[in-house]
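Multiple structures follow.
Next come two complexes, and both contain subunit A; in the first it sits with subunit B, in the second with subunit C.
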Partner chain A sequence: MAAVATRVVEGPSFGSRVRSVAVRTVLVFPALVWVAVLVLVPNIFLLLYSLWQNDLGTILHHWNVENYRTLFGSQVFQVLLRRTFLIALASAGIATLIAYPLAFLVVRRFGRFKTTAALLILVPLWVSYLMRVFAWRIILGESGVLNSFLKSIGLISKPSSAFLYSTTTVIMTLTYVAIPYVFLVSYTALERVPRHLYEASGDCGASPWRTFWSVVWPLTRPAVVVGFAIGFVLAFGDYVTPSLVGGLSGTMLGSIVLQQFGTANDWPLGAAIAMTILATGLLFLAVVSFFTRLEAQIE
Partner chain B sequence: MNRETEPMVDPAAALAASPFRAAADVEADAMSDTHQTVVELVSVTKIYSDGADPAVSDLDLSVYEGEFFSLLGPSGSGKTTTLRMIAGFERPTVGRVKLGGGDVTARPPYKRDVSTVFQNYALFPHMKVKDNVAYPLKMRGVPRKQVRLRVNEVLERVAMTGFESRLPHQLSGGQRQRVALARALISRPKILLLDEPLGALDLKLRESMLLVLKHLQREVGITFLYVTHDQSEALAMSDRLAVMNQGRIEQLATPTLVYDKPATSFVAGFIGKTNLLECVRGSARTARAGGLGIQLPADVARERFTLSVRPEAITLGEASRSLENHYAATVVEVLFLGHERELILEVGAQRMTARATGPTAGVGETVEIGWPSAASVVVEETGTWQQSPLE
Partner chain C sequence: MSSASITARVDKSGPSLARRVAGIVIKVFVGLAVASVYLFLYAPPIVTAIFSFNSSSIQTLPFGHATLGWYRALLNDPQMQAAIYYSLKIALSAVGIAAVFGVAFALIVHRVKFPGRNVFQALLASPLVTPGMVLGISLLVVFHSVSVAPGFLTIVIGHASFVTPLVTFIVLQRLRTSDPSLEQASMDSGAGPLRTFWHVTLPGIRVPLIAACLLGFTLSMDEITVTFFLAGIQGTLPVYVWGLLRFGFTPEVNAAFTIIGGGSLLLIVIATALLVGAGIRPGRRRAQRRAELVTR
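Right, the complex of A and B next:
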């Protein structure tokens, strides 16, 4: 190791500090514009719409909270809000329960094939979201794969429609959709736990099980929570899955938003529902973010 | 096992009895009488993937209770693999690993009574210093009150009191090193394995940590098995050391014996500097190397062999006239190293290195050089160690 000569560097002068701040601002500017135009402005519009009034398809620009009052006074809305929340919670939860152990398995047991295995698990992401959901219709539908299989082994005599159009179907499909995302996040986190920590833990007398719970889990939990949150957000605002495989008992809030903006042509009410979804989601993420704190730094 | 009191072996007699490794063997036998073996490797071979060269091949090794034992070798010599097999992180492809007499070959690391200090410390990044250190005791179900006492005790031992609530990333390299040491010592293992523990520290810190380690070992009396590529570390610390090359042990002996009587050309070149002369046997106790007539320390049976002469064994100037090997040499280069000068000489057709403490002849001038035959060692030819200029 060669000794490197160092010299004391004086703090930057006031002038150069101003310059560096200016340079940074210029550099960050395009990103700020991007966020403002594509994220901030649309949501502000959404908020504004939710505070306006629909009058037979035209919008009255007079401020009120009537839309929200209608929503929270409605039994249907409350049922849907609760259902949507529970469906999102369940599918993100199940997806995490499947994807995290799967990622652990791939990282720890697949050796040099782990990248290949990870890519294979992520392949569904290359296919259009609509196609992925539609695939479940093909599997679960009346003339679908599952029905013809059950018929061929003689378990049922005529095709059943029970598999499709239910809350369970929606949860199943959304779980399937969320798995690659949770996997990706878990995989990256587990990859970062160096092998020597497993070894050190074993060396200290910890069984693999205890090593997992006292070393691996605390170090990867924040990432898993992020993965879970992604799954939750994906499911919470979704309208494609419920409309394709949900039927009546699988309807979620997203479908209602679509309805209000589309057929019902009541943008203010739609915007109010959308805002409610957004607020609930953010609230939930705020709670969840408590579990993403980690002081540790993995080298 | 003080180095000053180590048994004297007549090198000439030992060499005559068996040309190589004899001195080391004699001493190893003497040690096994008085010491209990705590680590034993029995013809261990490790091959990582099919068709690859073995990382360790047919290795036999015994480490005795309470000694400071080093595995020394360049990278890729199999020393770390050997340590990892003792710790249980790797399983030998062939052979047995025994700890304290019991066969542990198939036992996972967490069921072995050894502790490891890792090269990169391997502290748990999310645990405070005290939790890192307490971890081995918690895993063994030691009562909490006792854990706290022992954590304090061991942190005091490594001079880390006051850092209990820091996280690893808030510590310097040397501090992390000491926490890692504390964590490894707290369960009072039979054997402490140290894998290049000072590798990531800078020179000054390394020197002070060397002393810390040496003191610690003497105080706690635990067997230390120390893996390093740094020959000066190994020489300074060890009671015995094994020099490894390409998965085999080239020599196993005390530091003085390894230095003074290297068994092979590799050992001679890896431990310190040496001049290796390729000799052709002459009449009794003489040989020729590159046009020089050389007096040997003992008779050699083989026709061709290699002779090792340490630079510091070479005497310069008139004082060399009385020595058995005496030649005129031309100075090719003089390197000033501070405490001494290194001279590169041309002796006949040979290039040799010598050392001088004071001013010497300049480049191009002629000097008289010589060495007593007893200061040279016939070594087994196993190739030489060439340090790459980048290392």
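Right, the complex of A and C next:
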């Protein structure tokens, strides 16, 4: 009682304020250490490595941007960077074009099966990633499932090798990988749009099409962008998919990072490529989210 | 207003036949499109499962005869078993670390106001969204600089770095919707912070915590892009299989994937049931009852 009264009159004393700050610092300290050690330091080290030089497998601590100059001067790197960017853009874009309308249908048309339908889309996320990618090799290979099927229905006379080991295969597989993520984000956003907004728009005489473009899309657009961005970043940094189904024409940046840390043994150059991947990803996210700022908010 | 709509409906006497047919055609078309997306998503796992029972060792049609031989071979393959055992050990360790730190960070973010809390959350979450390759390499260069050889420890730390934020954010979700008066009641009744945590807070977040651990476990079991850079001589199952896929594939891999896939699905079903199912309420009621007991 007395304590309450003093607090009301004077506010917390200097001593107790110091104590509370001290307690808070002690509590927060481990969390800050965690973030520093596992997030900040690794990223700083990655940057440092990309500015150092490789000399026959040992690292010379000379500070310069020689690695980046080598990279951007190299024809191969430029081709790969452009290709990786386009592949990531295409696969995230196609995944969004499939997953968002699907999420819309599931939310609006599936009634009480909505949750089940949504969960069924997400389940493949937890089937081994390697297996999902590798299975496409079994399906698309020269004597794979697809070729056998097409041959048995008489559509082609001899097995085609065109399905596997191409840029298209990589785009398709990465689209496959991205769909559940884009779906999850789109679904969550679409579910939050209250039903009465659709009804109100319809009552005002708007066609379903108009309702979608003037009401639903502005409310869910930011989420779609997040989904698209997740798909893009996933695809941009991938090396498993291109090396399993890409062949030579499907090689991406990730594959040459792997090389630098493996056979080529040039860590600083590999770090520079990784930094380029990270920076491109961040830049892309910034641009995309700048152009699709939230126009409206669900109250 | 309502009378107008009724007259309109009476006037039209239903849509014309052509319109109805068009509607059905559109519905069939959309239905087929949706079904094909599901087929697209499920074709790879189903194909793998089917081929794990195929006697032929080449991954092509036509199908040989059905066999459990690859599963038997799996049981007699010491390298594959070592990899599975190693993966399990790593997943359990990473999830253990993630559970302790994840809950602690969730409580800190939820309770303690400190400058830069949002920045902290964003940084904590970043390993979840960084490309695995970048995360793997950045950790590798740190471990290399402090001369920690790649192996069990480095993989566990790598996995804990992305499982921990997963636990934090799932638990945080629950903390934000939970009733703070339960803990205040417990404290007011003289229970210390530790007793309150053990008897009130922990039972309240138990369900999301278990679900997050199950999700984290399957993520860790499946991880390859980070693990690849942090593994020493002994690889985890995905790293070992990655080697096999490129040099010397056998359908044993299909069998291993089918088992792991089935196991993951089982864990996911449990986790989902815990998160969305009726599990939420009994847990909360129990927490309430405990709080009542403590306060008594």
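Keep in mind that, in the parts below, the second predicted complex is superposed on the first by the 258 of 299 C-alpha atoms of A that agree within 3 Å, B and C clash if a C-alpha of one lies under 4 Å from a C-alpha of the other, contacts with A are read in each partner's own complex, and residues count from 1 in each chain.
In this text, a residue touches a chain if its C-beta (ideal position, glycine included) is under 8 Å from a C-beta of that chain, and two chains touch if they have at least 3 such contacts.
Everything numeric here is computed off the predicted structure, so don't read it as measured data.
Residue by residue along subunit A, subunit B and subunit C are tallied for touches, and C comes out ahead. Of the two partner chains placed by the overlay, neither subunit B nor subunit C lies in contact with A:220.
Of the two partner chains placed by superposition, A:166 touches none, neither subunit B nor subunit C. Of the two partner chains, subunit B is the only one that A:201 touches; subunit C does not reach it. In the superposed pair of complexes, A:54 makes contact with neither subunit B nor subunit C.
In the superposed model, A:84 makes contact with neither subunit B nor subunit C. Shared-chain residue A:276: touches no atom of subunit B or subunit C.
Look at A:186: by the touch rule set out above, it reaches neither subunit B nor subunit C. In the complex of the two chains, the subunit C residues touching subunit A come out as 30, 34, 37-38, 40-45, 47-48, 51, 58-62, 101, 104-105, 108-109, 112-114, 120, 123-124, 126-127, 129-135, 137-142, 144-145, 157, 161, 164, 218, 222, 224-225, 228-229, 238, 241-242, 245-246, 253, 257, 260-261, 264-265, 267-268, 272, 276.
Taken together, the subunit B residues at the contact with subunit A in this complex read 87-89, 108-110, 114-116, 118, 120, 122-126, 135-136, 139-140, 167-169, 183-184, 187, 202-203.
Contact residues on subunit A toward subunit C in their complex (touch as defined above): 24, 27-28, 30-32, 34-35, 38-43, 45-46, 49, 98, 102, 105, 115, 119-121, 123-124, 126-139, 141, 143-145, 148, 176, 179-180, 230, 233-234, 236-240, 243-244, 254, 257-258, 261, 267, 270-271, 274, 277-278, 281. Contacts from subunit A toward subunit B in the complex involve residues 1, 194, 196-197, 199-207, 210, 214-215, 218-219, 294-299.
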